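First subunit A sits with subunit B, and in the next complex the same chain sits with subunit C.
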Partner chain A sequence: MKYETNDVEGVTVVALEGDVDLESSPVARRLLLDQIARNQRLVVDLSRVGYMDSSGVASLVEALQSARKRGCGFVIAATGDAVLRVIRLARLDRVFTLSATVQDGIAALRKG
Partner chain B sequence: MASPHSSPRGKAIEVEHLETQYGSRKVLKNVSLAVDDGEIMVVMGGSGSGKSTLMRAILGLQRPTAGTIRVLGEDIAGLGTRKMAALRRRFGVAFQGGALFSSMTVGDNIMLPLREHSDLDERTMEIMARIKLEVVNLAGFENLMPSELSGGMLKRAAFARAIIMDPKILFCDEPSAGLDPVVSSTIDDLILRLREAMDMTVVVVTHDLDSAFKIADRITILDEGRILFVGTPDEVRAQKNQRIQDLLNRRPPEEALDPEAYLRRLTGESPSGEPVS
Partner chain C sequence: MARRRHAEGKDSRLALLAEMAGDLATTLDLQATLANAVERITRHLQAEGGALFLFDAACQEVRCVSCYGKAAITGLVLRPDQGIVGRCIGNALGEIVMDVAKDPGFHPGVDAMTGLTTRSILCAPLRVKDNCIGAIELVNKISTDGIFSQDDLSSLEVLSTSAALAIINARMAQALVEQERTRHELELAAEIQRRLLPARREDGYPVHGVNRPARTVSGDFFDFLELPNGRILFCLGDVSGKGINAALLMAKTASVFRCLGREGTRPGRLLARVNAEIRETATLGMFVTMVGGIYDPATGGLVIANAGHEPALVVAPDGTVVERIAADAPPIGLASELFEIDDYPERSIALDGNAFFAFSDGVAEGFARGGGAEEAIIKALRAVCGRPAPERIEILADRATGTELLPRDDLTLVVVDDAPRLRGGVREPPSRRLLRQTYRGTAAALREIRDEIAACCRGSGLDAAVTSDIVLAVNEACQNVIRHGYGGEDKGDIVLEVVRTEQALTILVRDHAPTVDPASIRPRDLDDVRPGGLGTHFMREIMDEVVFLVPPGGGNLLKLVKRFDGGQ
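Moving on, here comes the complex of A and B:
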């Protein structure tokens, strides 16, 4: 898994790329939690994630909870079908704020 | 019935000319079978037909006396201990009795494979276990002991453990055994949802006809260690074969009776007429 972090209009966009699985999800988890610890509003761009297993989804859940505790906005953007199916299986689409594109996610956080 | 998938797929499991035996008794006889990626294959047959033995052989728990078994592209006969363990990490197995450790909470049972096979943070593992409990409709049960669960709950907890590692292939041994029809139906729905969401290949061993017809893409019927038929549920229903019709109509097979042998069994005499001591 690769990742990239960019500041866009005062929002931190964390773009993950590749597979987020048992091997790589600890890196994604640490990355997200570190950004949230810096009180960053986050958009997690999943457009280049082909596969995410439950450990990746669990990392997103933990990051969301941490963001809420700190009052930081947290949006998951551009989720592919395969990842969305796993998220929906556990009804987490009702918990996460999902946006169709990164730009939509940034706009939602700037508005909120 | 589940919709048979239409696009061409690879093979998750390929069994060719498989033979197994217990002692001198042959159990599986020249069994050849392929299961596609993402397919739900139900293996049916009467008691002693060899269906559980077939599953054990595919899992690498029963050594064949002949034939080959390829799982996720690997010939399991040629795998060393480490490679076999790596392959098994891509399986999930929901055993008939649940097979949860009675001394551990439900949550610890579910996290056990993660603790053995990953270096994930404890918090991540806990969230994963709770996600799987949500999926099997056991939210909030992580701190209970297995003895505090009903039969249907135990089955679902066993499913949660079987899928904790997001397996490529899920094996289910008699998932509806001992459950009432309503609970059994929820297990069927769970299998269908898991396949849909996670694109798993699922192999179900059962003799529950309703369940088989509801979830199967294809059904394999075993009879006395041989494959009698492999086909879609509609193809199975249309079969005229007497053994298949007996199975569908829940009729025990007519046993071939040798009157002489039967009489000898009753009187305890040997074929020469001498009393058997």
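Moving on, here comes the complex of A and C:
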């Protein structure tokens, strides 16, 4: 898994790329929690994630919980079919704030 | 004044003894502690030199293992009848030799070697109760009269006893360590052996086996595998003797059988080829008795060859024995030109709804405790008729074990049951194994596992969405093994097997982690939005069947089934 972090209009966009599985999810988890610890509003761009398993979903849940505790906005953006399927299987599609594109996600956070 | 000095000497002796006893009792480095003890004893008793000798009863020699002073004699070996030290060990008695020139027992050879001159000797045995393991010898008292006193001897005897205790303790500790190492290695060997046995199949499958080793490792084995033409090759073998040598020959024979058998060679020819392989390298005097056969699940036809093994039995559904297949060829591995055999004799039998049973001689011996072995087995076979085949052989193995915790000899049974074929409906549709692969139980293996499973799914004509679902389910199953079974450490393997039938894709996930009670595995409560615990839920959501099984030989077996009709 690769990742990239950018600041766009005061919102941090973390883009993950590749497979988010048991091997790589600890990296993703740390990355997201570190950003939230800096009180950043976060958009997680999953457009280039082809595969995610339960450990990846668990990292997203933990990040969401941490963000809520701190009152930071947390949006998951641009999920492909495979990732969306996993989130739906976990019945978390209504727990997460999902947006179709990264731009939508940034706009949503700026509004909120 | 003299009395006071004497008292002081006693005090310092006690102090030295207490200190040395403490060092010796707690030492981790016996060699260094003994060297230190010899030095302190020599100096304390004011001798020119000192040496510690150990007696090796097996080699009948007395060896110097540590010394102090001018004469460097560590490693010196004497016969038990040589020198004062030999006499001291032989009698298990300490002694003072005031002038060695007047003692015929003195061995001048050591002086000749070292160039030093021995005048007086003080020697005390290393003895605990009746066990004398050596002696400590001091030479040449440094004092005006040059003579060791009775007090010196008493001191040396006490000091020697504590050294002897330390040596005996250290030897026992070493023996324990060795024992533990051997036990551990045997367990690893047993684990490998268990993996050589085929996985247990579902009840309706025609071939089943059971293997119960009498010791950690087994000299018995069984195996079965599906040939490309749908027939099933099977065998049961029994290596002469027990223990690790039998286990090694078992492993070799089982591997050769499986390897050569894959090509579908007829059983008689196959046994001859196994014989040729084993004969080349078998240890003299070791041999293998073996029954090998091929069963055709489409017709119920059975072709069987028996190389020196106990008679196999064909049993009707009501439990009566209808045929006895005795050996008509010698065992495998007997290296003699007399047994040059191109083909072992074969028998062809139409099972016609009957079941074929083969046993290792441990089973017969187990039953023989109550009288005639075969009679008892036949009676037992009748008693278990009507039950599923795998249950029948388990019960027979239980009976052969009797009331003892472990069987006296390795117990192995194989059954080929033709009844499921005649019942028709129960018959398993033709199946094809798409994958059987062992992976390391680490997160790094998951990607390769996903790729393999995806290939199996696509090859079975499943669409992309179903494929990625199944990949996820198998990934989660493996993840559970890696995280929970092996605790996230590289501690074991995962064996994946994918089998396709007309109706379904079955994935078996086998691990060797501590067995988990299947009842304790539950999907997550979905209202509970905490991280973790999702995997089992994913599996149940995606697959039509998720069954946690406890396989023979320990570990865990998870069966995942996806039906092609969408589980309708």
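Just so we're on the same page, the second predicted complex is superposed on the first by the 112 of 112 C-alpha atoms of A that agree within 3 Å, B and C clash if a C-alpha of one lies under 4 Å from a C-alpha of the other, contacts with A are read in each partner's own complex, and residues count from 1 in each chain.
The rule we apply is simple: a contact is a pair of C-beta atoms (placed from the backbone, for glycine too) under 8 Å apart; a residue touches a chain by one contact, two chains touch by 3 or more.
Remember, it's a predicted structure, so these values are computed and weren't measured experimentally.
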{"item": "Contacts of A:V95 with subunit B and subunit C, given as first, second, both or neither", "value": "second"}
{"item": "Which superposed partner A:K2 touches (first subunit B, second subunit C, both, neither)", "value": "neither"}
{"item": "First, second, both or neither for A:V57, with subunit B first and subunit C second", "value": "both"}
{"item": "Partner chain in contact with A:L22 - subunit B first, subunit C second, else both or neither", "value": "both"}
{"item": "Touched partner set for A:R68, first subunit B, second subunit C, both or neither", "value": "neither"}
{"item": "Shared contact residues on subunit A - subunit B and subunit C", "value": "22, 53-55, 57-59, 61-62, 82, 85-86, 89-92"}
{"item": "Contact set on subunit A toward subunit B in their complex", "value": "22, 25-26, 29, 53-55, 57-59, 61-62, 82, 85-86, 88-92"}
{"item": "Partner subunit A, residues of subunit B touching it in the complex", "value": "117-121, 123-125, 127-128, 131-132, 134-135, 164-166, 193-194, 196-199"}
{"item": "Residue numbers on subunit A that touch subunit C, as the complex places them", "value": "19, 21-23, 51, 53-55, 57-59, 61-62, 65, 81-82, 85-86, 89-92, 95"}
{"item": "Of all residues in subunit C, those that touch subunit A in their complex", "value": "443-444, 446-447, 450, 465, 468-469, 471-472, 475-476, 479, 482-483, 526, 529-532, 534-535, 537-538, 541-542"}
